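For reference, the structure is listed below as structure tokens.
By written order: A, B, C and D. Residues from 1 in each chain.
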Amino acid sequence: MSAAYAPADIMACAMARQIRNHEITFVGVNSPLPLAAVELARRHHAPLANFVSVGGGVNPKVERIIAATSSAELGRGSASIFDNQEVYGLNGRGGIDLTFLGMAQVDASGRVNSSYVGDRDQPKVRFPGGGGAPAILPKAKRAILWRAGHSKNIFVDKVEFVTSQGNLERIVTPLCVFRFENGALRLDSIHPNVTREELADKTGFTIPNLADAPVTPAPTDEELAILRAIDPDNVRRIEFGPQ
Amino acid sequence: MKQATLEDAARLVRDGQTVTIGGTLSQRIPAAMVRELARAGVKGLHLIKPSPGFDADVLAAAGALASVRAGMTTLEQPFGMAPSFRRAAEAGEVKVIENACPAVMASLQAAAFGLPFQAVAGLDGSEVPEISEFARVKDPFTGDDVWVVPAVRPDWAILHVHEADLRGNARIYGTPVWDRLMSRAAKRVILTAEKIMPTEHFVAQPELTVVSELFVEAVVHAPMGAWPTAVYPDYDIDEAAMRRYLQLSRTPEGFRQYLDDTAAQDHARIEAAA
Amino acid sequence: MKQATLEDAARLVRDGQTVTIGGTLSQRIPAAMVRELARAGVKGLHLIKPSPGFDADVLAAAGALASVRAGMTTLEQPFGMAPSFRRAAEAGEVKVIENACPAVMASLQAAAFGLPFQAVAGLDGSEVPEISEFARVKDPFTGDDVWVVPAVRPDWAILHVHEADLRGNARIYGTPVWDRLMSRAAKRVILTAEKIMPTEHFVAQPELTVVSELFVEAVVHAPMGAWPTAVYPDYDIDEAAMRRYLQLSRTPEGFRQYLDDTAAQDHARIEAAA
Amino acid sequence: MSAAYAPADIMACAMARQIRNHEITFVGVNSPLPLAAVELARRHHAPLANFVSVGGGVNPKVERIIAATSSAELGRGSASIFDNQEVYGLNGRGGIDLTFLGMAQVDASGRVNSSYVGDRDQPKVRFPGGGGAPAILPKAKRAILWRAGHSKNIFVDKVEFVTSQGNLERIVTPLCVFRFENGALRLDSIHPNVTREELADKTGFTIPNLADAPVTPAPTDEELAILRAIDPDNVRRIEFGPQ
């Protein structure tokens, strides 16, 4: 039995559980939740995980979760500094084991659109762009996407434009975890207190194994205690907007 | 020119030129210089930068941008996307050369080494190369196809650094992000610096120098020159100032007011430093 | 393995592998490790290095080299060319992949960024590309022909550094020559270090770290590990020792004696340091 | 009227006179004579010359001429360090105004062989290789070659193999200075006390303007004084072998 927790907390736990000792995990910009996940993992089950931050650190000391993960704060306590050329060199030669990547939209086939919707030269919606994802998704051994929302505008049947695709393993949302298998998204687990109806309603494609998938293990007291310790101000929830 | 005022340095940048700008998103952006470019009314700039943010937004609000070649443009959490850039892109006023950070990096690397083009790792399955300035080349050694991008050599790299001397040697503490590469890829560099230090400071530990005097055209002493973006470890993002900018920049009149409001401060800080 | 003896680290290198070796000519060569490879009797190595010197000569004298991909191989003034390398090359025992320093660099850069090939600037009018592993590619953006070289990813980069910690972070003072690139291009790195320092030393100024712990397989504490080559500013070339090597290495028996004579010293220095 | 001087001295002076304020001059490995020339120029007529050394320095302090110019000693007093990637980046993008390059052989058409003579796989003579010259000669705005010898084996009519060619401007030898013009080597000047007969005898090609070329101005007292000050041990003469 766990204490009360927010969607961001179970997302951080679900992400943290994928982080392994000795592997190299990369966290890029705009990533307070993955940052929380890495620090949770390092303090919980994976103290020997290697963590490369786009903020320049190789195994930096993280005392507090921050919103702007491109900050050079994430070089603090590191014994070396990786600038962005280093990061993409490491990625290009296959050195990243696990990466977390944000995205604007994803479809039933695991294809990501972070570019635009509508006409290319005068788009209806301009997204930020894929960042490094078009090159990281195919090169990292495992990629985990996340999004702090879950709606039919985000989880679509077929994206209009493919910004990136590749070695997608899981997608973590406030409602569930998807797993990418044989070219399609399946339900890995549904979060506690989310109904299968609600999930189906808010997802723009048919989930093949909606009925069978297990429930995501709730955050343990230990996990929640660590999250509170490293993030007393709940910065990890910032992507959910004002609470 | 080397030692320069903000105004003098801004006048180096001409309409229609290609620029690359240091820092990333809302981190270590040469914001005082970017505002001065907006005040100077420069037009038609081509921005090449893997990860623009506050810089692209201000230049978009100023109507100074013809195109942006970027992997991702955002102010990052807690501000979200760059709204003036987004507006200009959605209106078709700014041409977005859809890209990926390491592809923009490859265009700059090719320029830095005098190569006509460079291959980009990854990109399998992405449609970005199909709608942008990429080309397929057959690897002559394996016969495999690979995406390549052209060299892009900016006229100027505009960088904000922690420390510089008046010859143009500069240090950046923590990640230099893309600044090291930018300083080599561009024809010439404009530096704004938190502190001006004597050359002996750089000679004492020359391995720490990120930008060499050989590359630099102008050095502006600009304390707080990245404000309201962050300079680790000196100052963090000024969230209130950022929100005020976001508020004002919604309209052309508001943006003009923002430039006017910040002008005295931008210039006073630099005069006080001189 | 990380912390290792000279013997343990040398055993990592297998017959027929591709290696790149730090330093240049007679400067900061990981000479103790190179001698240990010769003692271990490793054979058929492919050396890729823009500017080999003492390393190539010792490995050639040991009959350990199958090929050398280099721009220039010499012991530099005041010693002149590397005589054992020259002898082996003229006898056809070592395949010389005729090259240019920036072309070897390009092969390593391509490896470091995961690219299949890279273009090389210059080379107009040179016949080097015609007799070596180069290919002509048409620049898809301009239609111009350009020479490209394939990526070459060494199994090992063997580097001698001023300071390392036991996790594999390392500093080099003065020019790192090609070592920074080599540490990224190779699959894994073997370090020998003048000094072992605590990790806090590197954390205090992380911008000075040239090699990251992520890349490193073994760290050997090897004071004077570049002898008889130079480590600026710690020690200069030992000219008398270099001339004795040149004298002994003229014959297989002499070279064997050189390895034996230096073995006690190479190992004693490392034991004393441990 | 000058004091007595060695061939290395007039060579250093002839090279130094080509070095200009504000330009970027590059000196590579195995180059004590060019190093002496640069330091002479900086102390004589070109105090604002920019000097990039393969030893890592950008405008390093040079107190003594050294034999091994790849030494990191040539980063001493520099405000930044250029590793070799930096040097070849600068070269590739056209940033080197003047370069000095050694060579094994050169022919009447200014083509250099620093690779080998004879069969490629079992050469009669293996030279060190061209180093960076194949890429520097075409990219530097001006290149000056030098060689501490002058014989028919060095100055040949036609090289068997072209290691490099390009923006050759001059070649400085113990006997003369050649100038490269319209695809051919011409005599720029002949050193004092060298006869035109001797020069012709030791050169493997016909010198078109042998009779007309002027005499190289002898080193001035001021130049010689600087050379002695920066190189009291005559390291600049080392390429000539034991004297």
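FYI, a residue touches a chain if its C-beta (ideal position, glycine included) is under 8 Å from a C-beta of that chain, and two chains touch if they have at least 3 such contacts.
Since the structure is predicted, the reported quantities are computational estimates derived from the model, not experimental observations.
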item: Chains in simultaneous contact with chain A and chain B; value: C
item: More contacts between chains, C-D or A-C; value: C-D
item: Centre-of-Cα separation between chain C and chain A, whole angstrom; value: 41
item: Whole-Å gap between the CA centroids of chain C and chain D; value: 27
item: Centroid spacing, where centroids are CA-atom means, of chain B and chain C in whole angstrom; value: 37
item: Centre distance in Å when chain A and chain D are each reduced to the mean of their C-alpha atoms; value: 58
item: Two or more partner chains touched - positions in chain C; value: 113-115, 120-122, 173-174, 207
item: Residues of chain A engaged with two or more neighbouring chains; value: 75, 81-82, 88, 91-93, 139
item: Contact graph of the chains (line, ring, star, complete, other); value: other
item: In contact (per the touch rule at the top): chain pairs; value: A-B, A-C, B-C, B-D, C-D
item: Contact set on chain C toward chain A in their complex; value: 111-115, 153, 165, 167, 169, 184, 199, 202-203, 206-207, 209, 211-214
item: Complex contact set, residues of chain C against chain B; value: 110, 113-122, 133, 135-137, 139-142, 144, 146, 148, 150, 171-174, 205, 207-208
item: Partner chain B, residues of chain D touching it in the complex; value: 24, 50, 52, 58-59, 75, 77-82, 86, 88-95, 139
item: Residues of chain A that touch chain B when the two form their complex; value: 29-30, 32, 54-56, 67-73, 75-76, 81-85, 88, 91-93, 111, 114-116, 120-139, 161-166, 238-239
item: Touching residues on chain C, where the partner in the complex is chain D; value: 24-28, 50-51, 70-74, 76-78, 81-82, 86, 89-92, 95-96, 98-103, 105, 109, 120-128, 131, 173-181, 230, 232-233, 237
